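The following pair of complexes shares a single chain, subunit A, combined with subunit B in the former and subunit C in the latter.
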Partner chain A sequence: MLQLSPFASNCLFFTSFAIVTTLFGKLLLHIDINKRTYNHVPGECGVIPNLPGILGLTTSTTGRLYMTTNSKDINTDQTHLFTFYSDNRTAREIEIRGGPPKWRLTPGALSINSETSNPNVFVHNKRTNNIDVFETNEQNDAWQYRKTFKDEQFEGLTDISAAGLNSFFFVKSSIFGTNFALNIIERVVPIPTGYIYFVSGNNIQQISRVSFPTGIVYDSVKKSIFVTSSTRNSIYRMKVQVKNGIEIVSSKEYDLGCSPSSIWKDFDGSFLITCHPVKFRYLLSLFNVITSSPSLILRVAVPTDKDKPLTITQLYSNDGATISNANVTVRAGRSLLISDGTKILNCHL
Partner chain B sequence: MGLQSAAAHFINRFIIWITIFMVACFLLRLLVVLDLNKRVYNHTPGPCRVLTDNYKGTAGMTYVESQKRVYITLGYGRAHDLKTKTGIAFYKTNRTDGRSQQEMYDLIEMTINWNGYEYKKEFIPTGIDSYSSSNGRVLLYVINAHPNHQCIHFFQIVESSKLNHRKAICDPSFSSLQDIAVVGPDRLFVTNMAAFGRGWAQILEFSLQTGQGAVYYYDGSKLSTAASSLIAPTGIGYDAKRRILYVGSMIRESIFAYKVAKDTTLELLYEMMLLTSPIGVFVESKTGDIWIAAHPVIHESAWHYTHPENQNIHSPSQILRIRIQEEGNSWVTTEPYANDGATISASSSVVFTDEQMLIGSSFGRLLHCDLTHSYIT
Partner chain C sequence: MLVKVVLFGLLGVSIHFIFNTLLTLDINKRVYNHRPGECRKIEGPVHGSEDIEVIDKLQIAFISSGLVYLPNSASDVKWKGQIFLYDLTKRSYKAEPIPVLNLEDVDGFHPHGLSHWILNNRTVRLFVVVHSKTFKHSIVILDYNSAKRELNHVKTIRGEKFVRPNDIVATGENSFLVSNDGGAQTALGNVWEILSGFYKGGLVYYNGKKSQFLMENNIANGIILSRDQKTLFVSHINQETIGVYTWNQKDGEIQKISEIETLTGCDNFYVDTQDHLWAGCHPVVKDAAGHLGNVSDSTLYGPSQVLRVSFSKDLKTAEIVEVLADDGRFVSASTIAIPFDDGKQMIVGTVARPAIHCDINVSLNLY
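Then we have the complex of A and B:
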């Protein structure tokens, strides 16, 4: 038994005390105990009637908006694909043509590639855990089935971003996707348990690990992928380059100040990001202690110069009474669409 | 002997543990109060413009309905050793009085007739409020924030753009006067933010969060304490229709609502937690809405107040609008304006009227915004 002198034991005690106090204080700040939201709308807002919440959202270069929605019948796990006309705020369901026998689509995350005149849509099929690719024809609301990517790594996919006709990036938020307790720990503790993958043809490649990534966007002009990390309150910019496979040339992390839950790239290169501005209220809502959690929509412009800071503008903010836990947003014309999974809010910009 | 030694040892350990606990609580509270994890995301309610950049401080504002003017105090920065001109100016909010587009955004400085007052060179105006009597007289009440000469000055507006100095109330208990709210002719409440006027003593007082601020009441002849033991009271506003006095607390980050009784004693109704530091309070007379100019990130504000001459040290600005519902049982908070400090730094006063909003700052610009869409969600 090592017998410490009184002086040494006092030093050890006070050092440990200081460390524990600091860690506890950091935890208080990390879960945003001193934050709240104040309501802010960019213009007139209203809930789109007769339309359930959005699970995924993307647009083509012509401005055509596609969305994946929950079924109105909560007894089934059916989801549906719609195209949305923002001018008269109506939606029409998309017809799927082709496809293998007995194949059915339960769409989740989706992304679009507009290299050809008929854009290709990559859809995560939650029924089969595959990635189905469709060719769109924007003269009508029909999609033509093209091919399927199959891999076991697609299970637990969070977001997808198309990079070419036969390539895409995707992220997985966590290792323990189905274990609630461990998943909560992954949301709070900033350790890099999430994955970023690149798929090209039959090759799948893990390119990085990030702490709880929630969204990914590939920008072909900047040759970069932008990944949001919910736990670290940040957005990563990773320049990618094709050599022997794809590799990250450089990486830069920017602080957002809130926990991002999704990312969408606008035509001018800026991003619309949904955030959880008060993290402890979000965690309480996950545990069903409270029924609502604040929502925040930001427009983020990532500068080309690495040394310059982000330019962030707030587009929408709500304390949860109107829309709670907003997790996807998109701009269509002069409309800002925000969804929390149960309803779609349409705000005039 | 053994028993005494054991008891002394126990008491000694107990005292050590209590001290450690208190130190830990102090550190954690300080950590939370400093707002180290906060930031501001820019947005405006409509097109904005800078009205003036010529004074180091536009810290106080009041609106006179009968004249359709906003009276603005200028030069608060001199209280923090900045070289600047001080005075009072007004802005006309009426946009249909035939002025040109250029003249519409002019500030008109007022001349002051001091009537022999000997301390006129030590006039640093900050908080301001007004009273319009039934015979058309408009009286202005201005707080002097000079470190050596904290007073309440009484003015009367004569000949449209002149001020007649009537008298000054000075008291040794005035150490850091902040804002003023008028409840009747020569009847007013003022907030004294801290027991120490400035410097490191005040910073230490704020860090320890001792409640040494106070609200004083002046009834026309005598000064008394209306509320005491407040933590850094700052902005103060009075709702004459509902007889409610609102007092902001900078360190506690909340707004206290008091009922003003017939004998002007204050009864606490409720406390609104804002989680942002209110500095200026404006009460809309028609709707009863409360507009608050706030410092959302305290550690950046503290840094900005310590180095006001440095143009690169910003402090975020924030304007909140609170609509009281159900007689104070609930309220909705909206954020019409927020800025990270690049456009306007350390917002300290706000006035809203006729879809226009004026935002004043402690050491810098005066901003004017049109509210093209101001919704209460």
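Then we have the complex of A and C:
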């Protein structure tokens, strides 16, 4: 038995006590115990009837909006693909043509590459955990099946961003995707348990580890990927370059001040980001202790100059009564669409 | 053994104190900018627009400017205290200083909170909280001469109960309620008062002859009465709450109804025609403190926030809409916000910077 002197044991105790107290204090600040939301709308808002919530979405360079929605039937986990028409706020389900025998699509995250006249859409198939690629035809709402990317790493995929006809980036939020308790720890403790991958043809490459990434956007003009980290309340800008495979040339982290849950790139290069402004209410809602949690929509402009700060504008804020835990947002024409997974709120900008 | 207990007790108190300080300073908060419409700065008041008082029937607003607050010394005060007049019917974006006649101490006139009362002969009487350059406090009563556009001194009231007056609300021709926002008379004392939690502020009622404390050992910043004069709203700014009290003028008594947590430092209030409470707030204390510690430094600014608080019928709960938020580069450390033109426009005042005039083009009812 190691016998410490009283002085040494006192030092050890008080040092440990100080460390534990500091960590606990940081945790309390981290979960936003002194924050709240104040309601704010950019214009008239209303819920779009007959449409369940959005799971994922992507927009082509011509402005065509495609989205994955949950099922209206709460007893099934089948999801659906729609084209959204912002002029009359209606949606039409997409018809899938082709595809291998006995293949069925349960769409999740998706991203479009608009390099050709018939853009290609990469869709995470939640049934098979593969990435299916479709060729779109904007003359009608029909997609032609083209190919499938298969890899075991696609399980637990959170978001995807197309980089070319045969390449894309994707993020996985966590190691413990299916273990609820451990997943909660990953959402709160800022350790880099999430992954950023790049897929090109048959090659899959892990390019970075980030703390609980929730969204990814590849900007081909800036040759950068933008990744939101829920746990670190931040957005990363990573310049990428193709050498022997792809590599990160430089990386910069910007503080958002709230917990981002999704990211969408607008045509002017700015991003619309959904956030959890009060983390502890979000966690309580995950545990079903409370029924709603605040939502926040920000427009974020990441400067080209590394030394300049973000320009952030608040577009929408709600205490949870109207829309709770908003997890997807997009601008469609003069409309801001916000979804919490069960309904879509439409606000006039 | 006893020594150990005492030491652990002190350790616990220290940890509690440090953590409370961090929460008080809002170190993990930030502001996301948005405006309700087009906003422009109002020319005229350069060094502050701390309180604004709107006279509904005349469609004018008085703006107090040149506030002196916890000065280090009189020689630091290089600006003049003034009251400006702004015409709400024109979009002039220009406020004019109006003369204040027959003051006892012209150099020591640095106005803070404002309130008004309409006399029987239709004269507008203005009640002003005034600090001198050496931070002596008084309540000055002025009558407004609308024909000559000037203010005439009527009376100056001093009293030991006006410990550190901030805002005022008139309850009659010669009676008013005054808030004391603390007890310390120096900046350092104020910091200690805030961090220790031993507040020395409160609420004073002056009935025309004498003063009485209605609230003591508390902190009260902005105060206002509801339009029916029955409900008093008090900003407990460092506790980041709004206190709601019944006001019984006959007995000179208040009774607490509720306390609304805003989690932002709301300053002065305005009650609109639909009984919504409007407040100018300081959402991030550390930045506001940095700005207010050296108001002459234009590189320092504090975040601004305008909230509209809608109370339930029993006044126990409230819904809050954020009308404006700014990180301070456009409007710095907002203190008061007043809607007018049927809620289509508003003016926002600040502690030590120009006021702004905004259009309100967004819905405040659908969210």
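Odds and ends about this structure:
Heads up, the rule we're going with is that the second predicted complex is superposed on the first by the 330 of 349 C-alpha atoms of A that agree within 3 Å, B and C clash if a C-alpha of one lies under 4 Å from a C-alpha of the other, contacts with A are read in each partner's own complex, and residues count from 1 in each chain.
Please note the rule applied: contacts are C-beta pairs under 8 Å (C-beta built on N, C-alpha and C of every residue); 3 or more make two chains touch, one makes a residue touch a chain.
Note that the structure is a prediction, hence the values are computed from the model and not measured.
Once the two complexes are overlaid through subunit A, subunit B and subunit C clash, as defined at the top of the document. Once the two complexes are laid over each other on the shared chain, residue contacts for A:265 go to neither subunit B nor subunit C. Contact with both subunit B and subunit C is seen for A:40 once the two complexes are overlaid on the shared chain. Once the two complexes are overlaid on the shared chain, A:252 sits clear of subunit B and of subunit C alike. Touch criterion not met for A:343: it reaches neither subunit B nor subunit C.
The residues of subunit A shared by its contacts with subunit B and with subunit C are 21, 25, 28-30, 32-36, 38-45, 257, 296, 298, 312-315, 317-319, 321-322.
Interface of subunit A with subunit B (complex): residues 17, 21, 24-25, 28-30, 32-36, 38-45, 257, 296, 298, 312-315, 317-319, 321-322. Only residues 20, 24, 27-28, 31-33, 35-39, 41-43, 273-275, 320, 332-336, 338, 373, 375-377 of subunit B touch subunit A when the two sit together in their complex. Residue ranges of subunit C in contact with subunit A, taken from their complex: 15, 18-19, 22-23, 26-30, 32-34, 261-264, 305, 307, 319-323, 325, 362-363, 366-367.
For subunit A in complex with subunit C, the residues that touch the partner chain are 21, 25, 28-30, 32-36, 38-46, 257, 296, 298, 312-315, 317-319, 321-322.
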